[in-house]
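The letters A, B, C and D name the chains in turn, as written, and every chain counts its residues from 1.
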């Protein structure tokens, strides 16, 4: 019988839901060494926290995160709160000896992220950052193919994350629903929210980035603040694009925006190598596009691989349904918690940990610095 | 607080998993009048039933379905067993006053299905058949659009269900994993397994079918039987195609096969109306293709609608994540149990019930009779 | 220097244009043993024939097709007139010893087609029928792959031809622009116009068809006749669907309609074999979809082959531009005239000839007979 | 009767073929005020020029371009030679009072392009640069939609041009077939060859660019020179990416490479506006993707418009075939010569002329300067 692992979840927003769902489902589908117990949900509003506890089966709820961190019965502290709170909670949790799972981006900036890395490493606690897209089966398969040398030398890595939900100037900033538009809560705009995902995947796939050159734009200059009710200057980047040099000699090209009409969450990447190319997008996450130059000339073409064939060895897929039946977005969180629990049970800890997330944060910092100065910026390597 | 509803599940195969998962998730995402309690799982092998109970949280397990039917504490009997067992269990459950949820196809043939309809109607128990694809959001939306008259007069209804898993003559028939290839367990081949889905959706979308003209084929004539270990003649249809007349004057064209290399579960349909057309496929179930003749001439084109926009009113989607983030196959079972529970709580019972499933069975019967005789067959209307 | 070959074209409608264009272009792109000379264009209206001659460079024009057939200077008689005129012209041309190129379908029915075959074979003249889609590079490649055994045993052949241009009851029948809707001019509706294409390709790809079972429908029962100005009963099939048995054991499924809203000329086919599958459609004719079961399991997927890679050996493509740059519809006519001219220059005559087109006509006859009688019909083999 | 217009073509390579083909076809499909007469083809090798004349119907051939420029009978000088020769020929032709049609890019750099503009404007001769992709019907339609305000405010303009033909280090530079890899012949690599197309379209669609920030890469540092037979340093840019600010406030993102395995000529662009978005690619040039935020919420989706509907008003398409039947790459040259001839016949001259092409050249210059210096560069406005 699997040992119990007591979870304290801080934050009951969108990410609180995806993480709770992952805990509720993981043991139905994966053979993991721990059985998660949803102990406490913590959030700002007592009523809402209580309702959330009822809906998701938490044993209790509270409104002060310190109560979670201080709770001797809690094994894992989950940080699903706005970015500006991550560091304080994580450092306290590290000191309390908790295993920590933190939503991305890890911190408000690299400097702060570094203090978090130092804290968890000093405390020797297991730690993980929820860059969930690594565990889309297609994205995982790309990593395997790269590691096997199937691409040969890589020339290009291209990634976009396109949304359209902030085009209206009537969307407010700040508050519960739109803290991502408030520089004080989010630290940045699309860079930390969207590009961080692209960068995490890219570093994992294609190795370190040496330097970047970026441009940002804020299309809507003022928005009403949900807390003050007043128009305030918008501090975040609405859109950001950058190119870069990877250490392996390949060129990178990245772009994120919330002003791309017609795209809701279109995270895409494409990798061009000497021997093969691959591309993927989040709107059809169960497919991988693959071009293999080794194919017979007249029959070369981009393959649309439906990632549901567990006989074929598609990562994670043998845990789900039968071939042809696709999974969705939320499954990436189930995969990652399965990997985290397996890591906690012995062997290697799941990645990315805080240190890996720090590397992403450093790229984000360089991107924002480059855009601010209008020149190339070197990426800090820790 | 929602009332408890005690579930007795019979069958722990593929469908036992999808239904169990639906019960486990429904209250996390839908506000339903009942809280399902997974009381008992029943299956052939005691060890496996027990393991399944552990994995999915059933309070107990057993190997005799009569125990479930006779259990006073059970409110709902779930029938997820091979087709040849449905009638006996359902009729007993009806007599015991249980709410019944039965996997599709309802029965081995129309005659048998009729006895089941009679039983549930005589007993006055709520009943439902799990044609889950009605509750893919895109499929539901098509129904709404038809009901609103958005297609105008309908000329064509076309549906296919293409698989490729039985091409090898080494695939056995019979037994736990391949009972669908055994005529004694399944009643038919692709007609009851795959076309039944297409027909259920078609009747729902496009109304009754008057007559059909069909051809079947059995490509592999003999297969080893998993229970006897001997080669036995294959009694099922490996492939079936038919055309038909709908009562509304439109032409129907249907095909199913397990010999379409490259397709795993490619259920597709297309509807051509005077004013609009729509098409959908299960391999990208989160999309609906839509053509509207009312669009401006130079800008007319097939729209690929990403069915994740809850602001836009995509059915069921406001219960899940944020725009752009797709759901998968299993969610259709969550939707249907949500609708069933809502129906049980008062108001209209969810469809399709046994009577609706009987209509599908009658079409299947006509298809098989037509193929056997090589001539048109009228569909029995009950 | 290539020898001159004098062309007499009968018919200046849509097909007169495509054939004239092919003659004008072939020597720019293909090294052929003859240089076509556009000698005479013949059509109903003297003014229009003259204007057409001016636009396309014909040396003369006339209104009586016998003048073309009797002209000693004409080497090739091109028949691009409505179906009901093909037989008379072709038989006269055969007697006059002309090479004959006839638009499809060859005749009004199989019986008539047989007289045409007899005529050209008795006269010993070269003859060809313009089923131009055989010479879409992707369609030609499929034939090569079949002949190489790349599909293994074939289970299914599926073809559709979907249009939407006659949905309005205000479209007239008869006359210059809409003779295809008039049973007296066309012989049949979608069967001869659209299915004939599908059948020609299918017989070429997949061999003879033994028997068929068909349904037809005429959605609009009366249309104004362009010549009489009166409402007359519509005699053609607006839509036709049939299934069939190929002699190689595979199942066929065909459908054509002019009532499929959103499709202009969507000719599609799909072939499912033991080892591979292929599909193609006319709306993106420069692509071939290919699935190869021999691919590594986790990387199996449908390949979208952009048929522009002459290094890879895509048929005909080394005559055109550089990789990535697509050709269009009209090029199929250039390909076929290049092949016809090459055949005339020695070696094998291009296919399909009248005899091959007779086989297609026999299937069309069987389809119409089956639909009329509501039962299976055997295909006549000559 | 149309007046004759005598054409002198300089260059018989790839572009010599596309332009010759356009002249041969234009009067078959367009009612233009001039009838082009293919007077002289001029190229380096006398034998090849003569053969080309035979194949395309030129009355004569020569090897010295001055002979064409000096020929009193020539009305139009066509410059289809490598980039480094454009200026000298064009300036001489201008002085000789010829109408000039020049292949793109106009010149080796902006400075040189300026001298060409000065020459043609001083001479008052009609002039045109062959940025043929403006006349893909889908690309033309986008321009119309922008001019009608259908996009609202534009936020993003994104364009890529991806190829893969120079990945092998064995591809030589220089000479007849690979002069595009030789800095002395081409002036630049992908910037002048590929990005110039993207920039021309972008300036046309979205207005002037203010400043750019670019990165270039040369993956293969040395290649054998086809003329010297020796390995020489590669001077061109193998890949180039840049972002920029358009004067209308939108962000631009451009990339071109010849190292994107799997892409032959994948020119794509996407435009994101407040009210609508559009995207297009050259591999399926007969389609336009269109997203209209004005559509009903639940039915919003990207439309794939098959650009073959002349009733709908698709630009140029009423000159070709019937709906559903696609055109290809070469037709863009027919469209442009039709527009050029119409312009010569009176009214407005077709665009882009030399002055418009100079603006593109200035952006290319800024891109290369930015990449060389590693900083933002302002675009010179003439």
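Operating definition for what follows: a contact is a pair of C-beta atoms (placed from the backbone, for glycine too) under 8 Å apart; a residue touches a chain by one contact, two chains touch by 3 or more.
Keep in mind that this is a model prediction, so the values were computed, not measured.
> Which chain has its C-alpha centre farthest away from the C-alpha centre of subunit C?
Farthest chain from subunit C, going by C-alpha centroids: A.
> Please state whether A-D or B-D has more C-beta contact pairs across its interface.
A-D
> Can you check how far apart subunit B and subunit D are, centre to centre, with Cα atoms defining each centre and the answer in Å?
A distance of 55 Å separates the two centres.
> Using mean CA coordinates as chain centres, what's the gap between subunit A and subunit B in Å?
Subunit A and subunit B have C-alpha centres separated by 36 Å.
> Taking the mean of the C-alpha atoms as each chain's centre, how many Å separate subunit A from subunit D?
So the centroids are 42 Å from each other.
> Which parts of subunit B, given as residue numbers and ranges, touch two or more other chains?
As it turns out, subunit B has residues touching two or more other chains at 263, 287, 300, 302, 306, 309.
> Taking the touch rule as given, give the residues of subunit D at its contact with subunit A in the complex, in rising order.
Against subunit A, subunit D makes touches at 155-156, 158, 162, 164, 167, 213, 215, 217, 219, 239, 241-243, 245, 249, 251, 253, 255, 257, 259-263, 272-277, 291, 293, 300, 302, 374-376.
> State the interface residues of subunit D toward subunit C in the complex, per the touch definition above.
14, 18, 20-21, 24-25, 27-28, 55-56, 163, 165, 263-266, 282-287, 306, 308-309, 320-331
> Enumerate the contact residues on subunit C facing subunit A in the complex.
Going through subunit C, the ones touching subunit A are 141, 288, 290, 292, 295-306, 309, 311-314.
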